[in-house]
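As structure tokens, here come the structures.
The same chain A turns up in both complexes below, where it pairs with chain B and then with chain C.
Presenting the complex of A and B:
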């Protein structure tokens, strides 16, 4: 199994296209960091314009490394699934279209082992991408902008988390985001199994995510009560839950607390279920598939 | 009859004049006490209670220099300070003589008798429409002040005195002010969970009341405060 995984990893990371995602993330993060380094104050003013008349806002302190990281994650974690699909959508279908899949199956290993190795490769690629993003968004931002309390803007609330209480939330959020992105990898992996060219699964994954994200965010009662609680895009935002700090009755935040931990746990298990269903289905389908290419 | 009428008018105006003079004298006593302080640096804990804001308690340093320079600084983190808290101070309310003092008699505040003075600005273009101060006559300190402004509604200051009463400096200040609702477009925040659940008290664009409370632990009086602090 380990040899199979090494072989799959070698194939994946030998392809130049694998590194497009890493380059894209670096470019986006650096562009956002440069923009906020120059126009950070204006951006915070835009976000807090409705309270600017009432409160004195220390703009320079708000635009610190922790806040920049939050802004980057807010913008990027919607688009990273597309980058995950680039590799996961290609991992089976790419071999089918290149004609190497039949050759691979002549090896004395089970189809299940091959699929597990391929799925683990997708997972490792996704984790590598996320660690790269965490390094650029968090470590580089903190080095560039320094540390301070984190201000999180919700639709109707502004939350402030003390800097000593922020770092563990990022670790938890990245851990949750890893599970969320593995769901996308698993979906793309499933679509890759039933397709014989790699473009189809990549485009299909992106389309599914766009449609489901719109359904999650539209807040139309018809979908809110029926579809929304069950679709994975609703739960992929669960990483943000770690930044929704709990507060006492008089509005003082409680360090180390999370306002709705139960929802995060529920989202986590729903995402895990999606991973099991998508990856399991992919293995099940592949076991019964006629490999003709 | 005419004589009695004239006498009563004269008596009333005399009484009014005496009351205003008494009010002015009391205000001067308060002012004299506040004038003992040219500047101070105070440390304390600030608690903020605004419907849309969830913030931690903050350790703050408050800098003051006569006549009305004030700065609230949090060196360990971020503090959202109400704009009025640094512009509406006791000194700014009672400094100068550019207002008419109207004696409002006495009232009971927290089971203590206090003298009420209404300060009407002489300048009709002044941002302040009316200030009402509630004075502890014995200690010559203001325990409550209510200021109505043209632009930002009504501010209230509540003071509790203790260790620093000899300087007219409070141990605890509660600042109550008007605030509007906060709202961000959902498309910008991408909230997790049901963001449509609004914070308690949030209701459309109605004005609401916010409160900031500072409990002082120490004052450093008349030791000088650098200009850089207020920049």
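Presenting the complex of A and C:
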């Protein structure tokens, strides 16, 4: 199993396309950082224009590394699924179309082992992508912009989290985002198992995410109680919950608190269930698949 | 299953000459052989299409087994079933006396294969391809061993090159190295000489012969180059439209005592009438327009020609045919070819 996983990782990280995602994330993060470094104050004034009188800290302190990381995560975590699908959608179908899948299957390894190794490779790639994003968005932003309290908007309310209370929230948020992105990897992996070319699963994954995200965001009564609570895109943005902090009666935020922890836990387990269903289905289908390519 | 296979005695003796550690029973000239592949009533249907239909055959240890058929005859489907890539609709496959469905991994540990064309990891080097595919075959290989296999197929100088820079022939040779690196007892080769130049074909033929004669490997070879198979195989199976047409020892199927001779004469009608009225009458076969066809022992051809010439019938050409290609065409298209000798 270790040999298989080692081989899968070696193959994945030997392909130039694997690094497209890392390059894309670096480019976007650096562009955002440069823009905020130059026009940070204007940007803050623009997005907080309706509530700026309630702001307790100066603009200059709002545009700190923690806040910039939060902005980057909001912008990027919607699009990272596309980058995850680039590798996960190709991992089985790409080998099927290249003919190497049959080469692999003539070796004395079980189909389950091959699929587990491939799925673990998708997971490791997704985690590597997220760690790369965390490094650029959090570490580099803190180095460039320094640290301060984090101010986040929750609907029409501004929440100020003390800087000493921020870091653990980012660790938790990245952990949650990892699970959310692994759902996307598992979906793409499943579609890759069904298809014989890699473009199909990548396009199909992106299409599914777009459709489901629209359903999650639309808040139409028809879907609110029937579809929305059960689709994974509704739960993928649960990471934001770690930044929604409780406030005391006098309006002060309570360090270490999370306003709706139960909702985060529920979303976490729903996402885990999706991973099991998608990855399990992929293995089940592959076990019975005739390799004709 | 243990069988006595007389047809490979000659090869076993040759093996004995080459490898003194081999086991041959002295003075008896019979070698006890085990069946390596046993296929029983194998059928594969894809919706309405029956690709393989009730196919049964046996490959014995040490055989170089030629598996022949036209495009679409069901060869590749059969080979894919032998390797567990496709699940049979019905029937059974036993390899090394183990049921393939239950012991796939154990069987594949002793099996090397090239299917149709050697699709390798183009973005990896030749060395990486051999190394990693050996590793996942549960075989610990050193750098020296990997280089030995690359040397064997003439690619040692290009070990660090990415496979996408290779010609089709080089990929084919690398595919052979990948198939052999874990030292399998059974080698399944589907079109192993595809894309090779004449020297590459000759080298591959020599390699396959050595694998069988010197190393005792069992080889199942599928090729459309019938002349190549004829030079290598000791047993032959021909399938057509998914069904077995004939299976047997090559030297029995291509028996020189049943050579078909096509004779073009200056007067074919007179020649046919003459032969019909002589001792050659039983040997005349479905004459086609433009020539006379006789099936006889190769050694009798001069006498046949002499008799025609003595009766003032000029000989334009006499073409003896008992190649595998002729035999193959005669069993695949019996209506347009002369009848083969009884098998």
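Note that in this section the second predicted complex is superposed on the first by the 287 of 293 C-alpha atoms of A that agree within 3 Å, B and C clash if a C-alpha of one lies under 4 Å from a C-alpha of the other, contacts with A are read in each partner's own complex, and residues count from 1 in each chain.
One rule holds in what follows: a contact is a pair of C-beta atoms (placed from the backbone, for glycine too) under 8 Å apart; a residue touches a chain by one contact, two chains touch by 3 or more.
Just so it is clear, the model here is predicted, and its values are computed rather than measured.
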{"item": "Partner chain(s) touched by A:240 [first = chain B, second = chain C, both, neither]", "value": "first"}
{"item": "Chain B versus chain C as contact partner of A:110, first or second or both or neither", "value": "second"}
{"item": "Which of chain B and chain C A:157 touches, first, second, both or neither", "value": "first"}
{"item": "First (chain B), second (chain C), both or neither touched by A:260", "value": "first"}
{"item": "Which superposed partner A:222 touches (first chain B, second chain C, both, neither)", "value": "neither"}
{"item": "Partner with the higher number of touched chain A residues, chain C or chain B", "value": "B"}
{"item": "First (chain B), second (chain C), both or neither touched by A:102", "value": "second"}
{"item": "Residues of chain C that touch chain A when the two form their complex", "value": "80, 83-87, 104-109, 111, 113, 115-124, 128, 132-133, 135-138, 178"}
{"item": "Contact footprint of chain B on chain A as seen in their complex", "value": "47, 50-51, 53-58, 61-62, 74, 78, 148-149, 151, 153-163, 217, 219, 237-241, 244-245, 247, 250-253, 255, 260, 263"}
{"item": "Chain A-facing residues of chain B, complex", "value": "47-57, 77-83, 86, 152, 177-193, 195-196, 198-199, 202, 210"}
{"item": "Chain C partner contacts - residues on chain A that touch it in the complex", "value": "3-4, 6-7, 10-11, 14-16, 98-100, 102-110, 288, 290-292"}
